[in-house]
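Below is one structure; the comments refer to it alone.
Labels for the chains are A, B, C and D, by order of writing; each one numbers its residues from 1.
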Amino acid sequence: MQRIGVFVCHCGTNIAGTVDVKAVAEALQYEPGVVISKEYQYMCSQAGQDLIKEAIKENNLTGIVVCSCSPRMHEATFRKTAAAAGLNPYMVEIANIREQCSWVHKDIPTGTEKAIILGKAAVAKVNLNAPLTPGESPVTKRALVIGGGIAGIQTALDIADAGFPVDIVETKPTIGGKMAQLDKTFPTLDCAACILTPKMVDVAQNDKVRIFSYSEVTDVSGFVGNFEVTIKRRARYVKEDICTGCGLCTEKCPQKKVPNEFNLGMDNRRAIYIPFAQAVPKVATIDPDYCTMLKSGKCGVCSKVCTVGAIDYQAKDEYLTEKYGAIVVATGFNPISMEKFDEFAYSQSKDVITSLELERLMNAAGPTGGTLLRPSDGEHPHTIVFVQCVGSRCASCAEKGKEYCSKICCMYTAKHAMLIRDKYPDTDVYVFYIDVRTPGKNFDEFYRRAVEEYGVHYIKGMVGKVSPEGNKLKVRASDLIDGKQLHIDADLVVLAAAIEPDKSARPLATMLTASMDTNDFFTEAHPKLRPVESPTAGVFLSGACQGPKDIPETVSQAGAAASKVIGLLCKDKLTGNPCVAHSDEWMCNGCSTCEKVCPYGAITYQDKEFRMPDRTVKVRRVASVNEAVCQGCGACTVACMSGAMNLKGFTNQQIMAEVDAICK
Amino acid sequence: MQVTEYKPLIVAFCCNWCSYAGADLAGNNRLAYPADVKIIRVPCSCRVNPTFILRAFQRGADGVIICGCHPGDCHYTSGNYYTRRRMALLFSMLDYLGIERERTRVEWVSAAEGAKFAATMNDFVSTVAALGENKRLEDLRCKK
Amino acid sequence: MQEITRNALVEKASALLADGTVGRVLAWKRGEFDYDVTPAVFQTAEELARDLVWNDFCGANFSKYLIKETEKSDEKVLVFLKPCDTYSFNQLLTEHRFNREKVYVIGVPCAGMLDVEKVKKSAEGIASITEDSDKIVIETLFDGALTLDRASLLAERCINCKSKKHTAYDELLGEDGEVLDSARFDEVAAIEAMTPDERFAFWQNELSRCIRCNACRNVCPACTCEKCVFDNPASGLENKAASDSFEEKMFHIIRAFHVVGRCTDCGECSRVCPQQIPLHLLNRKFIKDIDNFYGEYQAGAEVGSRAPIVDYTTEDLEPNEAVERGDDNA
Amino acid sequence: MENKNERRKEQILRMSGVNPKKCMRCGKCSGTCPSYDEMEYHPHQFVSMVESGDLEPLMSSPSIYKCLSCFACVDRCPRNVEPAKLIEALRLTVIREKGANHLLADQIPALLDEEMPQQAIVSAMRKYSK
């Protein structure tokens, strides 16, 4: 039996004005377990707290009920008070007789009656309270960043700057991501390489940062502060620590017909290659799908020309396992496939390209050396049509494209149009738009400049069809403002393809037990207040894996994610919330139902040996809750049929006791 | 308005993060609602087991209302979505058994919606009061 | 008349026992009367030859027995499953309740089972019952032989059979059937169409007969908890006998709620109820609602499926709309 | 009058199964329409005018007979609004309200000539053989 103390607060006249506090204290005195019941002017004051402390000590109280303001106000205060008197802080219950009683009810009899009932419910609950101790777990002071684009690079740099080691895992042979492929950046038009490559060098030279390029995460276990991650380092057949990146092999390799993915297949590279001149790490990689030596054992040219002996045809995939305290997901995006939008003739004509392809065509390091030429015949295009929202803002029932706005297209199209008009004033540029969306600092000004200073034709309407005819592209479109149907003979059509999360995100989310939305973007812990955290503790989100983002936004989110990681890694130990779910293993069926509703992936199943009453040993599958991960929502407790799953601090029995006390 | 002596007993389960805070806000703004409403704090609306609801009715409650964060705003991301499915099925079953559907309700009340909380409770209390005492679901043995 | 003969089952089981594939056989055993068939474990060919029956009274669903039987030894257990039984079998596998490797399933086609109550009502002093294609011949002590239409004696769940297709088996005797379009929700819809007062009266009439024997729970293949809430004093639901009108309802509501999304609608609860309470109408209401609200879902159609009650979409309907939706359906 | 128009709109929406509120006014339907120049009102205008209840002008305009029912707009609409179905419903409403067909199926053979594309014949059947 508990020994319970009840403390009724007057809160000046805030409570005492509509509740007869003396009557409340008196009435609660006779409740089961109550040994002392007092009232006082201000319980939260020093004197009030001292009164509670003394009462706890004098009466050997095992639990207390404070009838006062909302627990959201002073629960923490009274828990500290209890702890100071040697009582477990979770043996405190608050009856909210101010916000939910005295302030909303007018006359004293009604207020008093309700306050007594609320007090009784709290007493009934505290009778079933058990001392709770928050679990503690150590923190591995190392972070993992998955994805080496601008988001991952910035996050890694910021974490390293705070003094914590960081590893970047990147699937491509080099870090840099999509930004490395871009030509200029809006709205300032500085060149992407000029601002990105110094950061790539910083990362490479930072002794806190390790880069695992050409690698992927294959397994994640553990939980916040204690992740264990398996990283697969794919064989690149070149010894990374020996290769100097001189590039001789990439010039001598006889296999010249490999589509160059960095230029989106618009030109070719060799079977041994360095994606681009500023690649980090700047080492060569052999493409096993094209290398004749690896496929048929005949060639070996690269090995012969390599002056340092870095080529290793025998290399195998390697797996390494590392421990991390925090994981940042920065897996980025890709343009969607254009196959469901063939009215734009993407598959029929080389001169219908996506905007990312245009970036490469305009980039000085691209396939045309920065001169804008048509991919089909290398001619200079004179009429260029841009089509906006290709695959963005589609209704889900249309079963093609994405429902969301891809966010970045309006701005990069304005940039493309402006750059083209600037460099080739003899070119006519048409942009067909549904809306021009330019929220962002200096963004609308930028777009207006494209229209007003550069004479780009912005037409409100949509292209309905593109048909290749001869060396022209017949574009049929509507002009909704003028109420005309336009027929334009274009030389080049550029499609603003919607962007979607990288394909690697979905399996990664499963490994991390991080939740995703229907579009495969990672879900935030809270859409407004915790935008860079995943609901899964210790997993953070950076960049376009969380939703479409431009570079400034990505960088600021990357910094925010880093600061959250730093905040976590600064701690030596993590103290959990003790009000977590707990499974009674003897009652657990091992049915996996609770696991399905847990938003945090806190529940796992294990086969455990049990000594049965008949002295046999039986292996049973039972649920176990990782207390460091569980946040205590209680979804599992209702999903559990047998009642094996219960929530500490809000047990089935406690809540039913409250129900009973109220309904008595 | 029908004036009646009869005072219904209402049990309100409120999630800690939104609706309980909404109830506190109603208090801060002195927005009155009948004292017949007694609030039980739960971490999330998804903590409410159908057993609790039936238990309340068994012990003499006349109405039970569950309040949680608006869909999409759950502190635990998905808790109220589970609540929504569970209660949709449970309420439909109670209706199927011939129990007055007005006695059970789910409302989404955010921490900023003190006025909505008070209005909801006023409406719920008068609806349940109009139905009268809960005879169909109450346990005669436990009622004093 | 059942397509497969009893002898085929005996032969198959004996052969599998003989070659060591299985160590035990779960099958139907002859009882005192022809209509009273019980589930049993057979360990020898002699037992099988003597006692195994396969006739129109083999309603029992063995899926649940596998939990205990597979634990008893390292040998495999042979089980005969009718199409509807295989749904329960899959559902239990979804819930990891036994090891699939330890079971050898033989699918048996089913032509529907008879309702023992209907048979008893149609004849007094039953001495024996034999099948003759679509007729049932009942030999009685007082009135001689009665010949009845088989269809008129079918159990409700078999009249509204949802599937003749086995969703799991290692070996199939005879031909597999198809998933059927059944009218199983018509009765639920009829109750939905009543006024609330009529519904209340209907259920009060049905549920007040409940004697809390727990047969419905004990037979239910979804009710496999290590410790049932109704036996657990800490659950707040434990009660040995209904002492008032509410407890019967509470028991049945909670019982039905605990199997939401897990109930395969096998109908065992109604079959075993000694008071003939149509318990399947509670389960079917949930199934009908799930189909209406969240899209069609058949528990046990495949292993590992996620039940709608532990799933959600952001666009789900509101609980108060759910009740109104019930009106439209009526 | 107000009511009659509302009822008519409701009927058109029900017949066509189109929800014009889904339209985001991109104009791709009109950009794609092969009959655009023949029409007084264009596919996107059909959608927005039906939504705003402006049915009279549409129903009395020859535009409803200019639609080829080629369904290009239906196929390409990113929001699945299906303007052609809406135009079809308007046509049917006109026909129903007149109590007579615009053109009888029997009359069609006489109107055929060698130049007429196959698709026009098929869509004529679609349009007039209700």
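Keep this in mind: contacts are C-beta pairs under 8 Å (C-beta built on N, C-alpha and C of every residue); 3 or more make two chains touch, one makes a residue touch a chain.
Computed from a predicted model, the values in this text were never measured in an experiment.
Novice: More C-beta pairs touching across which pair, B-C or A-C?
Specialist: B-C
Novice: Centroid from C-alpha atoms only, then distance subunit B to subunit C, rounded to Å. What do you get?
Specialist: Chain centres of subunit B and subunit C, defined by C-alpha means, are spaced 36 Å apart.
Novice: In whole angstrom, what separates the CA-based centres of subunit B and subunit D?
Specialist: The mean C-alpha positions of subunit B and subunit D differ by 50 Å.
Novice: Provide the C-alpha centroid distance between subunit A and subunit C, rounded to the nearest whole angstrom.
Specialist: Centres of subunit A and subunit C (C-alpha means) sit 46 Å apart.
Novice: What whole-number Å value describes the gap between the mean CA coordinates of subunit A and subunit D?
Specialist: So the centre of subunit A lies 46 Å away from the centre of subunit D.
Novice: In subunit B, what residues contact two or more other chains?
Specialist: 50-51, 55, 72, 78, 82, 86
Novice: Please list all residues of subunit C that touch 2 or more other chains.
Specialist: 229, 235-236, 309-311
Novice: Pull out all the chain pairs that touch, please.
Specialist: Every touching chain pair, ordered by label, is A-B, A-C, A-D, B-C.
Novice: Which stretch or stretches of subunit C touch subunit A in the complex?
Specialist: Checking each residue of subunit C against subunit A gives 71, 94-97, 224-229, 232, 234-236, 258-259, 306-307, 309-311.
Novice: For subunit C, which residues are in contact with subunit B within the complex?
Specialist: Going by the criterion above, the answer is residues 188, 191-192, 196-204, 229, 235-237, 243-247, 249-250, 253-254, 256-257, 260, 282, 285-286, 289-290, 293-294, 308-314, 316-323, 325-326.
Novice: Flag every residue of subunit A that touches subunit D in the complex, lowest number first.
Specialist: Where subunit A meets subunit D, its residues are 343, 389, 391, 393-395, 397-401, 432, 434, 460-465, 476-480, 483, 485-486.
Novice: Along subunit B, where are the residues that touch subunit A in the complex?
Specialist: Answer in residue numbers: 9, 11, 16, 20-21, 23-28, 30-33, 35, 38-44, 46-52, 55-56, 59-61, 72-73, 75-79, 82, 86, 118, 142, 144.
Novice: Using the touch definition up top, name the residues of subunit D that touch subunit A in the complex.
Specialist: 22, 24-33, 36-37, 42, 44, 72-73, 75-81
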